[in-house]
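Structure record follows, encoded as structure tokens.
Going in written order, the chains are labelled A, B and C, and every chain counts its residues from 1.
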Amino acid sequence: MFARLKPKSGLFYTLFTSSSQCIRNGAETLAGLTRPDADHAAVAEQMVELEHECDRITHELFQTLNSSFITPFDRSDIYVLGTALDDVMDHMEAAAQLISLYGVAEMPDKLIDVIATLETCSQVTAEAMPRLASMKGLQEYWITINELENTADNLYRTFLAELFQGSWDALTVMKLKDVADELEDAADAFERVSHVVESIVLKES
Amino acid sequence: MFARLKPKSGLFYTLFTSSSQCIRNGAETLAGLTRPDADHAAVAEQMVELEHECDRITHELFQTLNSSFITPFDRSDIYVLGTALDDVMDHMEAAAQLISLYGVAEMPDKLIDVIATLETCSQVTAEAMPRLASMKGLQEYWITINELENTADNLYRTFLAELFQGSWDALTVMKLKDVADELEDAADAFERVSHVVESIVLKES
Amino acid sequence: MFARLKPKSGLFYTLFTSSSQCIRNGAETLAGLTRPDADHAAVAEQMVELEHECDRITHELFQTLNSSFITPFDRSDIYVLGTALDDVMDHMEAAAQLISLYGVAEMPDKLIDVIATLETCSQVTAEAMPRLASMKGLQEYWITINELENTADNLYRTFLAELFQGSWDALTVMKLKDVADELEDAADAFERVSHVVESIVLKES
């Protein structure tokens, strides 16, 4: 009867950590697409499974939130953090789908670099999430993500400039732009995650 | 003076139902575009009017929310549900505008199927909204919407793959992709509506 | 110790006004791009600086919000208003980047008109923000913004119809569509700002 009143802080931290680990698996799987012999359809399918797993974790997070009277930090911060983590996975999965669907035969170098940057973001994020419980050592995390997002952003912009310089036909430009947009959205979502973490830490300090 | 304290639950249910009926009219009007002899400009104009009607309902919903002290369920759920319903109409109206504006002479089969799926979504949603008052018999609704959204999503993805296989010129590809994106966004918004309903019912049970 | 309890209403009004002034500078700088002899790279760089300045103001606004126990109006309205103002600047900056990045040599007339409309929006908004403190004389503001947004929307739609009529090659169409979309998003964000202001005023009256 009083289950709603019992703090479940531990469960929240576990779910944020699980979500970030799922995302790290997703980023590593996505990076598999950049190998010359990659089986695009198989990778896209694996990404769908990982995205479903991430969905399940987010769903459990929101159910825990709805059934908890006491939460380790602001309810809305928990909601926004869960949503932002979920967004990262959604955009990486969408990018994998497009690459497979459009039959993108050869990934341009700049996009391979963006995917490598996303992989680093995912590792840094998965290392940071368990530290939410102690709120310690997180500043380095959000500074690193900010730098990585700037790197991804510069790669994206340089790639767009290249893309429209006339070396590719119009249909290929459209396909690659769609893929690049999803990758850029994933980088933005990683930054949003780090912003929420920063705001949580600043409120507590 | 105590008007703010008087529960207006009935008015909330009436407004959600009106919004969903307006959307069903919109989906049926949109489906008119897929007939070979359709007058695109006339349909686009009708869609603008329906979108304005839906806007007025959403506006009244938010005003009722602001002036009510007691609400039938979480204030933020009412806000999100109203916004998601409004989004459905916005995307369907935008699709109709683009079809008219771009002079899309012939609708591809897959897009006709997506529009038929949206029409079914709108009927299922309009039947479910009045059941919010009793909170009964809604599970079937959100399961059906989930299946319909999967159908729309598969149609959309198969269509994208077709679109870029080189049978259409680049400008036509761009136009049809824009239309397809708005239709897909409308399907996503229907799913968002069903997710809020699911979350409201689960909180109450 | 009781700093959190001291009302800081004045600071909120000052920050909203600063943000709107920064946006007005941004709109004027963006309008510089439409001159035949414009240095696109230089303008894009100025826009980045203005966008950073606007970011700093938004950041200070959110920090003030987090550290204030009493706020001049609903916390969520302050959040949404700050975000909407920030969005205006983001979209104008993104438009400037794309124009520079894509090497858009000649701006089409309709897009020049959209930018002029955004400039007027920015002036009207910067004049309205200081009036939030008294909540007086704001109705004219949101009516004007609504009209300006309709103007921008009609220009955008007419431009899209022109764009796809075959006078431009596919790559140019893609570039100009991207720029037009960002400008349209900026106009929408101005309207969102006015909607929040309207809702704040109506709640207080």
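Keep this in mind: a residue touches a chain if its C-beta (ideal position, glycine included) is under 8 Å from a C-beta of that chain, and two chains touch if they have at least 3 such contacts.
What you see is a predicted model; the values in this text were computed from it and never measured.
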Query: What's the call on subunit A versus subunit C, same or different interface residues, using the half cut on shared numbers?
result: different
Message: Using only Cα atoms, superpose subunit A on subunit B and state the rotation angle in degrees, rounded to the nearest 5.
response: 120
Message: I'd like to verify one number: the distance from the centre of subunit A to the centre of subunit C, where each centre is the average of its C-alpha atoms, in whole angstrom.
response: 28
Statement: subunit A residues touching 2+ other chains are 170, 174
Residues of subunit A defined as touching subunit B within the complex: 62-63, 66, 97-98, 101-103, 169-171, 174-175
Task: Going by the contact rule at the top, pick out the subunit C residues touching subunit B in the complex.
output: 157, 160-161, 164, 166, 170, 173-174, 177, 199, 202-203
